[in-house]
Amino acid sequence: MKHYTSIQDIKNLDELVQEAIELKKAPFEHKHLGENKTLGMIFYNPSLRTRLSTQRAGFNLGMNVIVMNIGSDGWALEFEDGAVMNEGKAEHIKEAAEVISQYCDIIAIRTFPELKDRELDYSEPVISAFKKYATKPIVSMESATGHPLQALADLITIEEHKIVAKPKVVLTWAPHPRTLPQAVPNSFVEYMKNSNKVDLVVTCPEGYELNPEVMEGVTVEHNQQKAFEGADFIYAKNWSSYENYGQAGDVDYSWIVDEAKMKNTNNGKFMHCLPVRRNVVVADDVMDNKERNITIAEANNRTYSAQVVLKNILENS
Amino acid sequence: MKHYTSIQDIKNLDELVQEAIELKKAPFEHKHLGENKTLGMIFYNPSLRTRLSTQRAGFNLGMNVIVMNIGSDGWALEFEDGAVMNEGKAEHIKEAAEVISQYCDIIAIRTFPELKDRELDYSEPVISAFKKYATKPIVSMESATGHPLQALADLITIEEHKIVAKPKVVLTWAPHPRTLPQAVPNSFVEYMKNSNKVDLVVTCPEGYELNPEVMEGVTVEHNQQKAFEGADFIYAKNWSSYENYGQAGDVDYSWIVDEAKMKNTNNGKFMHCLPVRRNVVVADDVMDNKERNITIAEANNRTYSAQVVLKNILENS
Amino acid sequence: MKHYTSIQDIKNLDELVQEAIELKKAPFEHKHLGENKTLGMIFYNPSLRTRLSTQRAGFNLGMNVIVMNIGSDGWALEFEDGAVMNEGKAEHIKEAAEVISQYCDIIAIRTFPELKDRELDYSEPVISAFKKYATKPIVSMESATGHPLQALADLITIEEHKIVAKPKVVLTWAPHPRTLPQAVPNSFVEYMKNSNKVDLVVTCPEGYELNPEVMEGVTVEHNQQKAFEGADFIYAKNWSSYENYGQAGDVDYSWIVDEAKMKNTNNGKFMHCLPVRRNVVVADDVMDNKERNITIAEANNRTYSAQVVLKNILENS
């Protein structure tokens, strides 16, 4: 593996999931791989799970870890080619990316979309520029439109918790007071449809269909109740409209996932990438039901999705 | 030791002090204990001594350390049960605490009181919630109403510097321009009265008596000069009123500790948890007197109080 | 080496450069030196190269590293002797420096000038106070008026890239929209004139002459074109006026370094400490010319300038 910024970087998805599950049994066995290597983690945005789990993954592999908050620890970067830099931005990404490459053996980046200009966000300006100008492997710790470490952790979690060979996995849109990115659902759909081990259905209100390119070949069911029938896993997540990009819109709070709805599933497990707003996205009766709620196991797998990715990159470099 | 959030977590206080003094002689001897273990340090509030000494303690034990500023690195947490989370708070402590437990082997937390609602502060909402929902040991790096790592360092320092078998230790209220927590004096009183090796007297202006529960069995002397007579150790600290909780009140600047007052002691040593405001809490003539001022040795012991605590937790887990 | 805050701390500059070049060939060979040692990095100001390269240098030497942003992680420090600290500043440098010395084996500090009072800035209040009150070695990661780690990296870079025995090195003032410190050019001049291996010329508009003490014995040429003739290395950097200290002044944008000017050199290499404002300080046609632009190699040498300094300090302590 050279970079890890999308599913395209994975040779065989289901094999990578198995490798992560193996790794989990003996997480410190590959510490020689990371010896004298430094993982640089660059944050444009706040983070809890990603910040902690990726550091942990680096430690488990024997790496040194440097964490840097661009903006507060450093300064704003210029991305435009040919810019006359006589205003707020002190450094061009061309230099920044190549310079960071001098000190770090792997560069992990967290950035969010601006949710104003769809084309701009989907061009992934930050991650693309780092891939273009850095001379070291780049790992996405969530980008403008994808969250591949989360989706990999999700698939690991489903593999570990499934009780039928090919479970029905339902991604359901859920209400939220803020306008959120499409990164998590985009990657979730991509990973589920590229695995041979799950059947995916997406349910959302009309007008909240995801990027058609991502959704190609995926079943959409606008009736949430119907979608839930027979589901083995319910994955809840809010996202803002792809069609009316960046617009807030009315939030339909009836799309909350609660125990009444979960009862229609096949004894379904509840998943969410977290952080989750209780009693908005999902009701307490689901979250506090230890049989249903596997979000903590899912969060735990963030360490191993990061670790299997870092391991593959280290082995390749 | 399972957690370390108050004196209740210690089996035998005077033995723990001796263990810390032993540890100090060979601080790197227990590095196997921390191998492959991660200490997560969560800060709600700024910190210098605690931030540095606790990291150092973790390193001395061979641990990896992750430091996270909640608020700037992450986001605000919801603590209320059953809350409909459709406003500013993005994650419930129930999830946050359990998720952090997935990545860290010990979780250390720093938080301050709001100093508005006494009952709320004394219920220790942050530390209690972490203890309730985390699945890993919790260490207080100062909470709303206690600072057990500081008090342990204080007792180690007294044990090292005493010249009589059972020294007279005086905790004196001192002036300060801001309204400060009661955490340090609360823990200081608890640790001193639970040690068999010191005699404690507390002196403060009327109206500044500490929590009666904490003070049970402790001598209070409102005349500062009288209290200082024959003292072997003077521990200065400002705290705001427990009675008129959260109220600023007039500050009596005559309570400053200066060399004239120190002359009334039994060649007493001066202690303070630091940071200290010179010429407000204590005069330069005391601070610059290298015979009297043992605050640096006291600060140094913050490493070993943290280290002996982490060591006991690691041995138990 | 005891401290490293200026060229005065170096016994033999050209030998230190050779030692750094040797170190670079086997950067992990001295990890025993840093075992159980902690490098504390204290930032008053944002930083990217310094933050990353100095951490990397510490890791390469087997050190543990603590990074702390004074101000956001901690609080403002008082520097005035005898101050009555009843306002914004919570801790005196006397305590802070000695306390940090309890937890760190080497203390590295980054601070900037205020650019208001020349005498104050040139007295180096922060670095001087740390040297006075700390009990551990102090390393400057850029101070008010000097940047000795950068200058050492610059000399290493010139030594590696020179094609004549004694190259002509030209430091040129360059335009910039903000009022910048003199730290980088001051140290650059000091290191170049103290090396036996380069010939230095400084070129700048009238009124932008550097500190006369620093410039003693150095050739100044106000005609930029003339200065560039036959140059082997062009080092561009903006600085604000020493004479009209702290004043913004009109910026002469014609001083930009571009390919047309570089053509007058002896196939000269382009250097800059970075971050650099493209098309203000230097044109894209220079920056994107991989033959000319050696700023990335220069940035890479920041690791080894820091590492050779830390190594010498560790060997001495």
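Labels for the chains are A, B and C, by order of writing; each one numbers its residues from 1.
Here, a contact is a pair of C-beta atoms (placed from the backbone, for glycine too) under 8 Å apart; a residue touches a chain by one contact, two chains touch by 3 or more.
Please read these numbers as outputs of a predicted model, since none were measured by experiment.
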Notebook entry, point to check: Which of line, ring, star, complete and other names the graph you get from chains that touch?
Noted result: complete
Item checked: Copies chain C and chain B - interface residue numbers shared by over half, same or different -> different
Next item on the list: Calculate how many whole Å lie between the centre of chain B and the centre of chain C, each centre taken as the average of the chain's C-alpha atoms.
Entry: 39
Next item on the list: Check each residue of chain A and list the ones that touch at least two other chains.
Entry: 72
Notebook entry, point to check: Where on chain B does chain C make contact in their complex?
Noted result: 27-28, 43, 46-49, 51-53, 55-56, 59-60, 69, 72, 177, 274-280, 284, 287, 295-296, 299-300, 302-303
Notebook entry, point to check: Hey, which residues of chain A end up touching chain C in the complex?
Noted result: 36, 38, 40, 64, 66, 68, 72-75, 78, 82-87, 90-92, 94-96, 98-100, 102-104
